[in-house]
Amino acid sequence: MVELKSVSVVYGEQHALRRVNLSVEKGEFVFLVGATGAGKSTLFKLLYGELRPSEGEVWVLGQPVHRLKPRELPYLRRRMGIVPQDYPLLPRKTVWENIAYGLRAIGYGESAVRQRVAQVLALVGLNEQARQMPNQLSGGEAQRAAIARAIANNPPLLIADEPTANLDPDTSWEIIELLMRINLRGATVIVSTHNRMIVDRACQRVVALDRGQVVSDVPRGGYPYELDRLYASVML
Amino acid sequence: MVELKSVSVVYGEQHALRRVNLSVEKGEFVFLVGATGAGKSTLFKLLYGELRPSEGEVWVLGQPVHRLKPRELPYLRRRMGIVPQDYPLLPRKTVWENIAYGLRAIGYGESAVRQRVAQVLALVGLNEQARQMPNQLSGGEAQRAAIARAIANNPPLLIADEPTANLDPDTSWEIIELLMRINLRGATVIVSTHNRMIVDRACQRVVALDRGQVVSDVPRGGYPYELDRLYASVML
Amino acid sequence: MIDRLRFVLHETRESLLRNATMQAAAISTACIALILLGSASMALYKLDATAQSLPSQFEAEVFLKMSATRQQAVELKARIEAMPEVERVTLTPREEAWEQQKRELADEVNLADIPNPLPDKLTVRVRDPATLPAVAQQIAQSPLVEEVIDSRQELQTVLSIARLVRWIGLGAGGVLLLAALILIYNTVRLTIFSRQREVRVMALVGATLRSIRLPFVLEGMVQGIVGGVLAAVLVLLGATLVSDYAVRQWPFLRDTPPGLPPLAILVGLPMVGALMGGACAWWATQRYVRI
Amino acid sequence: MIDRLRFVLHETRESLLRNATMQAAAISTACIALILLGSASMALYKLDATAQSLPSQFEAEVFLKMSATRQQAVELKARIEAMPEVERVTLTPREEAWEQQKRELADEVNLADIPNPLPDKLTVRVRDPATLPAVAQQIAQSPLVEEVIDSRQELQTVLSIARLVRWIGLGAGGVLLLAALILIYNTVRLTIFSRQREVRVMALVGATLRSIRLPFVLEGMVQGIVGGVLAAVLVLLGATLVSDYAVRQWPFLRDTPPGLPPLAILVGLPMVGALMGGACAWWATQRYVRI
């Protein structure tokens, strides 16, 4: 599903990622944890092709992202739900239209769009904010809108970069539960987070990054002491 | 120092704040907590005059912000350090220049600017990123850059809207410690957060907002059961 | 396919309706560029037509030998009229010419008693002034003809002035066309530039380069059309006002040939606007829209 | 104060150096607007000067009575020359005029035996063609004068053409000035518009409205100056090329009065550019920069 083979990313002289190997199977749920600046967002950008690795190979959904042509990228991205860390929304469209845009761009018909947008808005609890513009949302609402957009077309792969950063613990856990439900329906999910409580409670696979390197990889249902060691290694 | 008198904010027909009374004395350190959409950012925007209350009075540093003229606002803002939730930085300036801009705008001379920027960069741990552009920063680094800019001119009042949202627990706590150090030197600090661990550990005054109303206000050194009741009331 | 089209049209409409500032800037820029282009075209077309119409007043005067009879003169007239280049030939009998001369000089000299010294004269007008020298030369070969005066010198001057007007017109028109393109390109480029964040979001949800670009291109075309219609109306209004005033002041201006027909402006400017707007948006998106 | 100035200058410099796309757009727009303005000014100035110089060739012809002696003619000439409006008076003796007439008509009539029917003639040139009718009328009152021909009709026509040229020139110049303003305003407005996020950040750190606006205004002025210098160079280059070519083709064009001096363009266009750029930025920031 997702496979990184000895991937490095170099900005100037700084290594953001250093010979990273990672393989995620279909149906897995993976937490990506690490201190700030560890390279989590960089890794995500590689997956959806916004960034190319300086070295190594990036395979996503069977496609070699590291050498896809720009015009091939859109078709890959349509099979991925992407929540970037800066949760960008189209600034001149309401929440409803933001989600509809993605669906229409993929080719959904108008009635399907309407139905699906209503569904995901209800899922993330933004029914009341549907007609608000992005600059009229609270931080947490904007984040949920971005998640709603990402999951709108039931993508087989979901990538969310700190989707709970601006959320209170309750809403955070609801979002994670939502992602786990989507995962149970068959989608592969990769989520980065700083929230130890969530990681503990979710009991899923956890991959730890530290200064651009994978330092720990605890499988689903791993022993608590393994997680503790992981937290210690990345100071979570 | 800061006083809200029966303040309401109405967006369309939705009440973002509802008759809020709040008074913060000089030298206090206050956590503002509440679920997403509770009105924390709205309250902050009132304090620095980006938003005007629909009703009530807002007094900050002795100034009636609710009726200040636009040309009087800059002088008030110079005595406040502001970290907005979307940590905006000037996109075409490096981290160093972003911090320098604020100081220069206030009238610092060039050598004072250089000295002070170096100090605050060291304080938030961004020495290495000084020459990077905002779009080359990780989420946490951008947040720390915004904090560095806010504290650069030693403002008597510091307002930070979820300054730890994108940070790992260690860095989060470092930032809070930094804010508490600034507080000990005499500055009044108001911080919003979703992070219960931080609130527990800091032992400071906590004000809880729920759907636009102050539902709880636990003073510094309040009993743990008071905090528990507060967390329960806002589901933190 | 229909969904695709609907999507693109929908996005174009949204964008046109939402960004009032940008629309105002883009449309007024297109409008000004097209006003310049349109009024220059009209002025230059008129000047060119006027310059082209001047030489039609140039004619050759054919003086026959004194020995030629009236019969021969009429025959020669018929022969010249048969030439394909010739439009009209007028015969001025010598008696008529002398009467006129006497009348003209009456104030200064009394010519009443002097015998008629003038020959018969044919005035030859050709269809295309450029053929006049050749025609004159051919006529001069006839044994009946004493002299042909074809005002070659003046003709050359006028023809070359007409050429100058045409060249300056084409040059100015070309410069203005280029200027209009650059102006519109700049505006479109700035609007696209200021929407790069939007473009990034669109790319992230999997919109193809084409579905991102097409709304920009259509938007550019609509802006060009709206600007063009405004420009056409203003240009026609301005032209009517100026020409009304000018004709009232200088009645002789009435005799100049008609200018560019209003329909050409009304249809042409919006079309040129659409073309330019679309092309500029196409280039600008090519440079500034990346996936 | 000095820190303040340094800050504003520093911010202006940064902005000028960092946003290549926006700078290119703003400068080329200013350049085009000023090219149009500059070349129109040059062309219209030249046309106007030419039109103004035409009437100086209009003179009044004063025909004296046959009874006037040569002595009286010379005295009258001196008296007319003393009039403040009059530039020059030439006396054409009747003998000279008759010789010339005879020569001109030699082909057509033999005037050798006829007595001289012509009177003495004074040709009066005035300093300002507009005063010619009044001067002519005054001269006509002298008992020595038979008739004054002041070509009032032609003079009126030429004067009114000169007026037309001037009015059209001023009108076109005004329209172009307005067009240039709108074009530059649009560009500045778009660049400021796309930097509203930046403006918000500046306001949050406590920058005053003035320290936010001033760099924009200075930037607009610099863009106007750079665009103006480019425009001036291009306009002068184009004008030299066109006029060289025209004079080579039509030598009579050499006699027209000189056009706008190059220095006026070289200094004027950058100044106009700076003014417009600054003013547009000033208005645009007034509308789009809020604290």
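So that you can tell them apart, the chains are marked A, B, C and D in the order they are listed, and the count of residues begins at 1 in each.
Everything below uses one rule, namely that a contact is a pair of C-beta atoms (placed from the backbone, for glycine too) under 8 Å apart; a residue touches a chain by one contact, two chains touch by 3 or more.
Worth saying up front: this structure is predicted, and the values here are computed from it rather than measured.
Asker: Please give the intersection of the contact partners of chain B with those of chain D.
Answerer: Per touch definition, common to chain B and chain D: zero chains.
Asker: Where the centres are mean C-alpha positions, what is the separation of chain A from chain B, in Å?
Answerer: Comparing mean C-alpha positions, chain B is 28 Å from chain A.
Asker: Roughly how many whole angstrom separate the Cα centroids of chain A and chain C?
Answerer: Computed value for the inter-centroid distance: 63 Å.
Asker: How many angstrom lie between the CA centroids of chain B and chain C, rounded to a whole number?
Answerer: Averaging C-alpha atoms per chain gives centres 68 Å apart.
Asker: Could you tell me the distance, in whole angstrom, between the mean C-alpha positions of chain C and chain D?
Answerer: Here chain C and chain D have centroids separated by 25 Å.
Asker: If a residue has to touch 2 or more other chains to count, which residues of chain D qualify?
Answerer: none
Asker: For chain B, jot down the residues that touch at least 2 other chains.
Answerer: Counting only residues that touch two or more other chains, chain B contributes none.
Asker: Graph shape for the chains shown, where an edge means the two chains touch. Line, ring, star, complete, or other?
Answerer: ring
Asker: Let me make sure I understand the interfaces: which chain pairs count as touching?
Answerer: Inter-chain contacts occur between A-B, A-C, B-D, C-D.
Asker: Which chain C residues qualify as touching chain D in the complex?
Answerer: 21-22, 25-26, 28-29, 32, 35-36, 101, 105, 108-111, 114, 117-118, 157, 160-161, 164, 168, 171, 176, 179, 182-183, 186-187, 189-191, 193-194, 242, 246, 249-250, 288
Asker: Residues of chain C touching chain A in their complex?
Answerer: Going by the criterion above, the answer is residues 3-4, 6-7, 10-11, 14-15, 18-19, 197-198, 200-209, 211, 290-291.
Asker: Can you tell me which positions in chain B touch chain D when the two form their complex?
Answerer: Within the complex, chain B touches chain D at residues 48, 50, 70-71, 73-78, 80, 82, 84, 88-93, 97, 101-102, 104-110, 149.
Asker: Could you please specify the touching residues of chain A with respect to chain B in the complex?
Answerer: My answer: residues 11, 14, 34-37, 40-41, 85-86, 128, 136, 138-141, 144, 161-162, 165-172, 194, 196, 234-236.
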